[in-house]
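Going in written order, the chains are labelled A, B, C and D, and every chain counts its residues from 1.
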Amino acid sequence: MSNSIGNLFKLSTFGESHGPAIGGVIDGCPAGIDLDLSYVQNELDRRKPGQSKITTQRKEPDQVEFLSGIFEGKTTGTSIGFQIKNTNQKSKDYTHNVDVYRPSHADYTYDQKYGVRDHRGGGRSSARETANWIVGGAVAKQLIKDIKITAFTSSVGEIFIDKPYQELDFSTIEQNIVRCADPVIAEKMIEHISEIKKQGDTVGGTITCVIQNIPVGLGEPIFNKLHAALGQAMLSINAVKGFEYGSGFCGAKMKGSDHNDLFNQDGTTKTNLSGGIQGGISNGMDIYFRVAFKPVATLIQKQDTIDSKGNNVEMQGRGRHDPCVVPRAVPIIEALAAMVMADFYLLARARS
Amino acid sequence: MSNSIGNLFKLSTFGESHGPAIGGVIDGCPAGIDLDLSYVQNELDRRKPGQSKITTQRKEPDQVEFLSGIFEGKTTGTSIGFQIKNTNQKSKDYTHNVDVYRPSHADYTYDQKYGVRDHRGGGRSSARETANWIVGGAVAKQLIKDIKITAFTSSVGEIFIDKPYQELDFSTIEQNIVRCADPVIAEKMIEHISEIKKQGDTVGGTITCVIQNIPVGLGEPIFNKLHAALGQAMLSINAVKGFEYGSGFCGAKMKGSDHNDLFNQDGTTKTNLSGGIQGGISNGMDIYFRVAFKPVATLIQKQDTIDSKGNNVEMQGRGRHDPCVVPRAVPIIEALAAMVMADFYLLARARS
Amino acid sequence: MSNSIGNLFKLSTFGESHGPAIGGVIDGCPAGIDLDLSYVQNELDRRKPGQSKITTQRKEPDQVEFLSGIFEGKTTGTSIGFQIKNTNQKSKDYTHNVDVYRPSHADYTYDQKYGVRDHRGGGRSSARETANWIVGGAVAKQLIKDIKITAFTSSVGEIFIDKPYQELDFSTIEQNIVRCADPVIAEKMIEHISEIKKQGDTVGGTITCVIQNIPVGLGEPIFNKLHAALGQAMLSINAVKGFEYGSGFCGAKMKGSDHNDLFNQDGTTKTNLSGGIQGGISNGMDIYFRVAFKPVATLIQKQDTIDSKGNNVEMQGRGRHDPCVVPRAVPIIEALAAMVMADFYLLARARS
Amino acid sequence: MSNSIGNLFKLSTFGESHGPAIGGVIDGCPAGIDLDLSYVQNELDRRKPGQSKITTQRKEPDQVEFLSGIFEGKTTGTSIGFQIKNTNQKSKDYTHNVDVYRPSHADYTYDQKYGVRDHRGGGRSSARETANWIVGGAVAKQLIKDIKITAFTSSVGEIFIDKPYQELDFSTIEQNIVRCADPVIAEKMIEHISEIKKQGDTVGGTITCVIQNIPVGLGEPIFNKLHAALGQAMLSINAVKGFEYGSGFCGAKMKGSDHNDLFNQDGTTKTNLSGGIQGGISNGMDIYFRVAFKPVATLIQKQDTIDSKGNNVEMQGRGRHDPCVVPRAVPIIEALAAMVMADFYLLARARS
């Protein structure tokens, strides 16, 4: 169960960063969807390493191959298998952690839990897995074409966008390498990440995601609330430490008389502190949420740590790593959001 | 699927606030656990309405009846059915919303999704459901006795505890009616809630939960990460708008060199910004997280709203409501955390 | 997971035959279904003990109480909780098996698995549980009104109906106490069961179920085939030893040129050895299957057995038991079939 | 959900017979299992086409490639991805059914359900999928090494083994091409299949499976009974029409006094009509069951059928097909049984 997401639109995945391939199975995509495979590849390209000076310099083509479930350009309703070959692994970049636990990585917990561990590139705990999610998300997006999902970098370290998302021009997001929806702030973020990178250090950040043009009625009461499923998905991303939607943590400081969203006559609301969801069910207003990423744990600096025998050792990351995970995480968040929305879209049809 | 939580330790629930009863089925509790039923009742009493001047004045005994799965004081390994009768419903308190949508409640979304709605007390969307969770959690706590779960109010509106949890005395939590772990701050919170209540208004807040004495190795990679399951559970609680664990949203502002938790020789870490989880798997350090609650939507004030035909109407809450949900939510968070931990505890046994 | 059936239409149950009540939660029934509660009760009456001279003489009213999910006669889309109180338990009928393992009962396996056991009336392994299924099935039948599900006794011991079901008059089924679709054979069956009962013995039998007026396209490839789900459901019934559909075990003796169902121009088939399903998916023809029941294990005769210490002991059933389970199992099979069909009906809507 | 089997040991699959590859993801195999990959390949070779004169003459190497989850010969506890490339598809063998519905195949139901269909080799409905199951089963067998699973052909058409399995020498099974556990009967079966093949016809048969050396206590009450899970798995195999375990359909003719299995003092039973399972839970005795296969639907004879417009057409199978599916289905049944047993083995550990 731990390698699957979704109920009716379900992705099951496999793969380590240094094995022959990663990939997965998409189960439940309805038949007859025109699948634009080049769109899927474009989405992968948005995530792939080596795309700019502020991301890892690792180069991998991340070419997806579809193996089943598509016939003459359309989904057939059967499961869609796919794989992405690993082509540019430098396993010897990882000889340093064969027997050493990198701080704030999953080396120690995997070793303790499983007693055996593929140390190369973090093995299954590598964020390489997220390429699989991009594929699932790019298929999901084509299933729920009318729903518009847009994510962007809203903060890097202490630098943040200080406007509500309604005042931003989303068309600018892909025009800068940090994927910030404000061109001026984007420059500051890029400068900051470049500086951090020079220090061999890393920095955290947040991403905001806005989902628009949503039918009323997606989501289910109690334990399958729409925002809880979104939260669960986002908290599955490597390095994520927090999730909030609508008014979020700020809402916890407010009074009800300020927080309540009053209705217009057509059922829309004058404000949207609720974030588009009431009782776990979409109300047709925009859904928006924010995700917090800790700084990448791999530093190009010396750090004290231990080996598997408990000896003190000193280590330094030698792989090719991101100084800030946020720019490449933008399409990942969109992909997960798309899979969650597709799942609830199908579920709502079942009950209708 | 929407009324169940957990995989191996699974609770399925039913019930509206104004029907004959609420209740549920606990599936997967191992056999041979000595169940202290009075402990379950005590946990329910921590949640029940009418317990103090800052909670709703509704009085309900919330007496749980176990119907199966227990024989001579022990669990039998079969499913545990239970119910809590509804005894003090004042359905006529809800004549005002038969056909009116309360702002920032689930009335509108339920009506749009289902076309039919039990308006009384919010029906299935009522927080009364959380009494069921208390029962599930109180059974779970007895299954994982060694794991210690403690939640407390960490902020109400703008008033917050400004110390790390390690400096707090958890034994003070149940000594004040707001369930704050700092007696001085508790007084301020109580005063603030009392003031808000007088205004017929409501206020939000946050709860912090600390889980201690956890075996290393609970949690699973990718889509069943321990913190993602905790997040999903917490986001299921009515009025919750955010979840963060470890460094949370603050961590997003930090540099990696400040954020990494360096190891001691025994595998523990010198700091714990990770919040006790690496790669989705517990590392044996304390797990801690924080949950944000919006202010209660029901105000004892006049509000503009609409009815189901889209007419503008004015309404005022007449039920007996909480000015701040946080004090009563403390045991709810513990209960959900206990069910999640019990689920992963059983899962880890399966794989061991 | 072991106490739930279904994915989108899901029943979770609890209850021992000698506890305060049995019951369950129906999750996933769409909103707006007019529920005829007296119909549910009638279905329960078809299963209840004491209804004729060839069933157990135990008398229980088996009165179902609905606790949630229904408002003003319609389903609300939320979970439907229900219970059936146990009113006529004679626990002292079961003092004989406190520490003794009844042959071919589940006493031994429950004791070995769980280490603790509610011996009274078989505890959770009692067929009393099937009353819960009747409730789930009676709700499901009202969801899929157009699909007609008819089960009947097709054999008792060596006595069997020797006509294809198409030649039977289903309206005769409820006119005889053995629920056989052939009045002449029914008399022989009744006579045989009466004879067996006098001997303190029991006898097995088979039930045939026919599902008619099914839309094309229910069922899913690979591991969620319609007939596999029906088989899994039927094999969940106490005492069932076999399941076959369409040509079944006879089909295994045939040649392809005799077995293939040739098409009419409208897509129907001239024969129906397939049993209405191809590749796991309904083809619109009648689905029919047959279920084998072993003879009831409780004899009103002396039997040698052992106690939990491995001592040889002699025992004799003293409870009030059925000499043949088949007549009362007819509505149980219909109920399970209805829940399976409802589940696939909703699933097909999701994908459509 | 339709492409997955199992809860804790879970296989999810993809693939059409004429796409680039088939494959799957095994989720939940514990870490530290020494995986003999040549054993997996040997199991595949038992199923592969072209192995004898009584199977299809199609030749495919069916070479499995493992893509993840294994490190230095051991499972790592993470998901195991694998693929089997399709190398010998002759898609032009299937031009005859582009728009024609083969009788008693899934062409019609797939077309009606999905509106789009990969006609080549039956697409997803092809028994080629079962190669994936062999892989899953061969991994499962290595997880539950002590449990011995043996299947064999017990009948072909009207020819059957007339001895109880205890009198058979299982070591003879792989010594004849029909995989019958009785060498004399085997010869008759082979002769019969050869004759049928000459006629361009096909014939059905049954397979018996015996599971030995099983711990007491596998299986769960109510809806996750061990035999119901086995039945569900077996009914997922293409062409299967029936499943019975223990006394099966014969048991339905018996009296309780003949059917009950009396205990020995050590908890074993003198007879085993129960088939090793009581109340859904293994009792430590052999589990045995029988599976009925209809004759293969593809005939090398002219047949009348229709095309998708409802026109009458005549067709004749031109692919390379099995005259009897049973010999190659023997390892498939073992593989499914192994996955089911592995799943319950892990589940029992969770609850222990």
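As a working rule, a contact is a pair of C-beta atoms (placed from the backbone, for glycine too) under 8 Å apart; a residue touches a chain by one contact, two chains touch by 3 or more.
Please read all numbers here as calculations on a predicted model, not as lab measurements.
Traced through touching neighbours, the fewest hops from subunit A to subunit D number 1.
Of the two interfaces, B-C and C-D, the higher number of touching C-beta pairs belongs to C-D.
Of all chains, the one whose Cα centroid sits at the greatest distance from that of subunit D is B. Put simply, the C-alpha centre of subunit C and that of subunit D have 27 angstrom between them. For the pair subunit A and subunit C, the distance between C-alpha centroids works out to 46 Å. Subunit B and subunit C have Cα centroids separated by 39 Å. Of all residues in subunit C, those that touch two or more other chains are 1-4, 7-8, 13, 28, 31, 77-79, 110, 113, 124, 221-222.
Within the complex formed with subunit C, the subunit A residues making contact are 7-8, 28, 30-31, 77-79, 221-222, 346-347, 349-352. Within the complex formed with subunit B, the residues of subunit A that make contact are 1-5, 7, 13, 101, 103-106, 108-110, 112-113, 124-125, 129, 155, 157-158, 196, 201-206, 216-217, 219-225, 227-229, 231-233, 235-236, 238, 241-249, 251-267, 269, 273-275, 277-284, 292-299, 301, 303-306, 310-312, 348. Across the complex, subunit C is touched by residues 1-4, 7-8, 10, 12-16, 19-25, 27-28, 31-32, 65, 67-69, 71-72, 74-81, 83, 110, 113-118, 123-124 of subunit B.
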